[in-house]
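As structure tokens, the structure follows; a few thoughts come after it.
Chains here go by letter, A, B, C and D, matching the order in which they are written, and residues are numbered from 1 within each.
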Amino acid sequence: KSSTAHLDECSNLSNASFEFMPVHTDSSEEAIKILKWMIAPYKVEEFFNHIWEKKPLHIAREKPLYYKGLISTPIIDTMLRNENIQFTKNIDITSYVDGKRETHNPEGRAHPHLVWDFYLNGCSLRLLNPQTYISHLHLLNATLQEYFHSFVGANAYLTPPDSQGFAPHYDDIEAFILQTEGKKHWRIYKPRDDNEILPRVSSKNFTDDEIGEPIMEVTLEAGDMLYFPRGYIHQGVTIDGQHSLHVTISMYQKHSWADLFEKMLPAALQLAVHDNVELRYGLPFDIYDNFGLVHSDCDTPRKKEIKDIIFSLFDKLKSHLPLDEAVDQMAKHYQRDALPPVITDLEKAVTVYGDTDIMVDDGKVINRVEISLDTKIRLLRKNIIRMVSEDSIRLYYYVENSLEYHGSELPFLEIEEDMAPGIETLITSYPEYIAVENLDLQNDTDKLQIADALWSRGLIMTECPLENIDDE
Amino acid sequence: KSSTAHLDECSNLSNASFEFMPVHTDSSEEAIKILKWMIAPYKVEEFFNHIWEKKPLHIAREKPLYYKGLISTPIIDTMLRNENIQFTKNIDITSYVDGKRETHNPEGRAHPHLVWDFYLNGCSLRLLNPQTYISHLHLLNATLQEYFHSFVGANAYLTPPDSQGFAPHYDDIEAFILQTEGKKHWRIYKPRDDNEILPRVSSKNFTDDEIGEPIMEVTLEAGDMLYFPRGYIHQGVTIDGQHSLHVTISMYQKHSWADLFEKMLPAALQLAVHDNVELRYGLPFDIYDNFGLVHSDCDTPRKKEIKDIIFSLFDKLKSHLPLDEAVDQMAKHYQRDALPPVITDLEKAVTVYGDTDIMVDDGKVINRVEISLDTKIRLLRKNIIRMVSEDSIRLYYYVENSLEYHGSELPFLEIEEDMAPGIETLITSYPEYIAVENLDLQNDTDKLQIADALWSRGLIMTECPLENIDDE
Amino acid sequence: KSSTAHLDECSNLSNASFEFMPVHTDSSEEAIKILKWMIAPYKVEEFFNHIWEKKPLHIAREKPLYYKGLISTPIIDTMLRNENIQFTKNIDITSYVDGKRETHNPEGRAHPHLVWDFYLNGCSLRLLNPQTYISHLHLLNATLQEYFHSFVGANAYLTPPDSQGFAPHYDDIEAFILQTEGKKHWRIYKPRDDNEILPRVSSKNFTDDEIGEPIMEVTLEAGDMLYFPRGYIHQGVTIDGQHSLHVTISMYQKHSWADLFEKMLPAALQLAVHDNVELRYGLPFDIYDNFGLVHSDCDTPRKKEIKDIIFSLFDKLKSHLPLDEAVDQMAKHYQRDALPPVITDLEKAVTVYGDTDIMVDDGKVINRVEISLDTKIRLLRKNIIRMVSEDSIRLYYYVENSLEYHGSELPFLEIEEDMAPGIETLITSYPEYIAVENLDLQNDTDKLQIADALWSRGLIMTECPLENIDDE
Amino acid sequence: KSSTAHLDECSNLSNASFEFMPVHTDSSEEAIKILKWMIAPYKVEEFFNHIWEKKPLHIAREKPLYYKGLISTPIIDTMLRNENIQFTKNIDITSYVDGKRETHNPEGRAHPHLVWDFYLNGCSLRLLNPQTYISHLHLLNATLQEYFHSFVGANAYLTPPDSQGFAPHYDDIEAFILQTEGKKHWRIYKPRDDNEILPRVSSKNFTDDEIGEPIMEVTLEAGDMLYFPRGYIHQGVTIDGQHSLHVTISMYQKHSWADLFEKMLPAALQLAVHDNVELRYGLPFDIYDNFGLVHSDCDTPRKKEIKDIIFSLFDKLKSHLPLDEAVDQMAKHYQRDALPPVITDLEKAVTVYGDTDIMVDDGKVINRVEISLDTKIRLLRKNIIRMVSEDSIRLYYYVENSLEYHGSELPFLEIEEDMAPGIETLITSYPEYIAVENLDLQNDTDKLQIADALWSRGLIMTECPLENIDDE
């Protein structure tokens, strides 16, 4: 369909006072666009093929204002002034002097007066997940997450001239350092051994003699970017007379094959045990005399025999790996962690977030809307819901997540099993709109009910603003 | 001192670019002023002598816009649209039909679309502590609390025409009902018996035949006020064709002599036991044969003897009642519950909340300020801190409380015992300003240190804006 | 009634094959007898008048075997051999050398091999509540508790020659040290100040310079006794070539007027608040400006006024002190702590503990018995049950308590309110027997039911062995 | 070595007053002997080949007294009389009438009077783990467990004539029903489908129409045995005029390959992830669009590609299966559950449980013993310890387990890694004795220390009684 066609449809509405442009962006493609901007002029495809999870990349851009809009010292100053920013929870005061890393957080609110006093005394500042309070960062991360299907976080680091806030260490996330002000000199070191390539947990603070020689030394200037995979040791230091401000965009924490296997293996065992009586046989009486710390060196024919049984039982698991369930569990995890979406004005006009159903002064409600069978709908974001089969069919959704990382409980919408095909239609037809009557469900009541449930939770958008039903 | 004198002082500052008017209001007096406005034309003194905790008061005002600014249906509509308002936590959907009280809360966010749908179907809305999101209510309550020294809460009730949202019941708080829109017809009933006068907990929902005849029937119109003490049963119903919106301002929950005694008695016993060996004597061997359920009717000389011992021991407690400690414990409770203050622009200029210490674009900090010995200071609010002797001397303060009722942990500033007189100077001299050098402390370092600690936590204000020290 | 009369009754039973002697001892009098033996030749009455809770008493007896039966080194040796005695839980290995007190407990079971090895190396042994495993101690303590109405505990101490196991300290119990083997030299010191007379908690370990000069020095020899009240500091040391074994019988821990008041005061306040609206009045607004740490020194007329209100409110509590309920709560505590009774052979013949209802080889039950209306019954011990009014009327009883101190849950028998007079009859008529038909209850079914419920739980005894109903 | 030789050695001891016969039994072989007796005349080998975990076996023996010693109604009667047997914890009162299964447990102690009253009214009795109180059962189970390396439990069931205590159901253990008194008619049914063959958890109570036709009907008489594997449904009913008493010996609960895999798989994954960076790669971005409930039916080339990666990663696990560690973890579980050993008089003479180190009347310790380098030792039971490598090398041992199933904490002895070979010597040389000096350790101090640590915990026995060192 051409967008002109869409325009026609919307402008044909009897009570439309303006020409409405239906939203046709695909949230996953938007993510790629923003990644492209982040790493330009490096190509995205090349990046994923040669750099991602493989090696550091430095982009010197000579455009000091390139990342300016994301965060700046005045933005931080304003945030401290207007929000109840708490030490330790939202901000850390740190120093690294003579090989000694210290944290200096007082208790309570981080008034600018106090924070800048620390700063002027040579301390560094780390803002934890500033996207909570800084809308451009929220937009950046909420957009990116739709491609990675993984929580995209941020920390911002403000360092006074001629100092260092952190000891050398490696992290457990893919890191994109976007320099927004000043300069910082970085030294990057390879993972220390094979076991520390793409590690699953962050390292302790290292001393200089534990990390060898850097494989990259670079001075990041405002507008520059530095990427390195988890496991790469790094340390940054400001130079004389120049402060530094950067934001580190992070992702892919606990998001590897190992994490998938952790969800998959116990379930695979339960399934295999259910289907194979061999796995339920009692252990042979002599297994304790052939295996164990004391018997680990011995090598008898009987030991070989038992080993063969174990290996053949192990092979049975392979055909019981619950791939779909495990991937859904990873996706459910994403729903719990994801940032809520940033809703544009255009989107507000076609979602529950907009100016529908307004209560006015005299307690009257005007501008009421209603979804009908010919209303065309689509999901508000590609990955905004995940349909999972647990005790029942559940739709997990992230729109009500707090901006602060990790809400405690994950809300879900429970649906009847025979409603599932209707949801499937919506998921698979994204980013196209589909008329409510075309949802793969038996009767019209069900179609309208599921559309209404998704609409009222803010999970779908309509192609055109809904008609006002007040006049009826 | 005249305020002219103050003006002179401030305008004499070398680098002042404007004439600054020092703040001389007393937060406790401001509270009385706002109460006066709430119950006008009734007099405050008369109110406390004849009405408060004694009987209902209805004020018909014929000024429909009198309370308008506090809350309105458009304000609620906007709040639902802009804030993540959650059912059950922030809003309840209720109905009371044919003597049956029901709650209809869905899970998740209360989008206006959903809320108004309930409303149009005859449900009532209760907003829980809307002062969290509505700034005029915040200001009203934060101001009032400084006189009552007790948490001042609010609930707002929106009822569609010709309906009732709640069953008859009584509450455990003093209630001021401020009608802001439409009309509501109220019936008020006396406490059912002496034990229910000024009760300590709210009642269940009553049926009509449990409550007798109303002692007051009144139709509240926009701009009217209705007050009644805790224990008075009440029910309100809207009339045909008229919705109703009111906010109930509440206070004095768990704030009676009984609550003070609950804190005081266990401590009194510990003190008396420490000082009186008689209380540490073992119980007489025959006490079990003279007292208890089985022996409650018997009346022997020996029983009389033991009773006399108990009564004389009880009398010993009287001289050990720790009045000061118990009142401080009540006050500490207030610090935990109180709303954070609303800071005016004038106040911002003379507190840490103002534009001091600004970080600008290039990571430079400008406009730095410093308290000196001749700086004149006072507490930001009369009751903003409470100095309590526990394991150490602690200053509890409410400025960092969340707007949502009951923060989990109460922050405090621990001070050395010899710093206490300095704090005492500040508390007792309020609302007057006092020069830092006049704090009742031994040396200048201590004076500056305590002033700085209070300033950086936002607990004091200066008479004049602090001087900029950047030029030094 | 003469016991001859009783004898006649029992021997008149048609199927009695022997003459049965009904039990007529009173458990409270038995306790006094055993106390008399413990402190002989000192008189019990004199003891309670002049010594108990007042000052130490030493009795030198020159009868080395006097306490022999209670505990001895061979008895301990046997106990270690036959029971699963655990370090820390049942036994402590301690030393006190050069002012340093140490505990040397390994993990696990205290085999004699290990224990005696420590002993031979100069360590002392403390057995915790050995009455659990040593039947004569169990009998002693279970008998004593019926007079004191308080848990009677025991610790035994075995010290090798020429050593000391513990630092000087005081305890929170009345202590009777019964020397059963060897000798120990004791030094006793007065409480250090008034606050430590009859203290409610035990002291830390003292150094020599904290305790002053002893008021008593005495060498305890086998058969001697030493009593001192809680709060008296004591230390004992063995002399060259002589070991020492003694058992300390203890009682009246947390059993003072203060403990009664701790149970009584909160309840008194609740009752007074219920009955007096004055206690439910809100606090005066200015109480916070007149009381508290900051205002503790000021002395205004208004302060006096408020104080007078508080004192008059305090006086109201006096008439609401729930003496009966508080004593019952203390008694309930006793039921939880008390040792189970030692049942004699005679008692077995007339309780559920005896050879009634025997199942024999072929699954047949013989010797069945039944209580009838003319059966004469009494409580098995004076204080074996306590009837308490809580949510319902409950009979708490200690017969199922573990021998190890403090069972987790206290069993009780819940009865209808109209059954209470029947229980009252039993309690008040002790030690006399009373026919079931004479229980103060309306109908015979109730009388038999309550008698059966008490019998089957082992709480009552019959005057004569119950008739065998097998022949019916 | 001939036992004569041993005899010689022991009788050569200077201070031996008798000829001592060293213990040479092997606890694992003793288990087989007792199993042989249980199922005689059926052969043990045949049993394991054709019956165990495969099908029911009934042995009619016509020797009514065969199992008599294990348990009998008089033994139960005595147990109720002498031990504090509690309803629910130690005994259940049940009935199954008209398809309705009920439990009738009162609270508190199960006095025989009460229990037999239920029995005479048609209720059945289930004794839970009566081996706790009945020594012959303790001996039977403690002996058997040494072959099965799995907790061997027991329940006893006493049913009055013409009744049934339980609904048809299946259990999760291998069951040996030993009929000791009376008769019971049993119906046995096959597992209902393949998934219920050798199930891992017990079933609910079935109704008659859920279980089909019995595959075996048999009347068990005193002295008979009935075995059936877990998963076989069974119900037993007594006949007219005949009670029934049997004990069910059970084992192999949660003791299958599945249980081993549950311990092994998570550890295997951790090991594989550590060694293979492939498992630490991030998930492909498109995995969420190819797997999951919504995508489960689709079958794209990309899906196949991802599946192949997952399968190849799965294969990597195979070489990381920690067989030794997992078997040790199963064995550790056994140590927690196992019954403490029954020590014979002969064994007492050569272990710490015997009359070594006796404290006599005057506080003197006599008969002290000491292990020397030429002392010959062996483990007290084959499986009495399990050496496991966890945070350190630990020896778990079951000798201090309570007789009641599942002690809360498992004691262990932590040893230095270089002591391990000494323990290994002991484990692998069982049942032979080995001189302390021949333990595979570097120096004599270590050898003596390890021997002493094991001796003092009751884990080893000596070939001959230890010499008395008092004379030295």
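The rule is short, and it goes like this: a residue touches a chain if its C-beta (ideal position, glycine included) is under 8 Å from a C-beta of that chain, and two chains touch if they have at least 3 such contacts.
None of these values were measured; they are calculated from a predicted model.
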Strictly by the touch rule at the top, which chains does chain B share as contacts with chain D? A, C
Going by the average position of its CA atoms, which chain sits the greatest distance from chain C? A
Round to the nearest whole Å and give the separation of the Cα centres of chain B and chain C. 50
Between chain A and chain C, what's the gap in Å when you average each chain's C-alpha atoms? 64
Chain A to chain B: how many Å between their CA centres? 41
Chain D residues counted as touching two or more neighbouring chains: none
Touching pairs of chains in this structure are A-B, A-D, B-C, C-D
Within their complex, state which residues of chain A touch chain B. 72-74, 76-77, 81, 84, 86, 107-109, 111-114, 116-117, 119-120, 158, 160, 181-182, 243-245, 352-353, 355-363, 365, 368-369, 399-400, 402, 411, 455-458
Residue positions on chain C within touch of chain B in the complex are 52-53, 147-149, 174, 194-195, 197-200, 252, 255-262, 265-266, 269, 273-275, 277-283, 285, 287-288, 291-296, 307, 309-311, 313-315, 317-318, 321, 323-328, 330-331, 383, 386-389, 393, 420, 423-424, 427-428
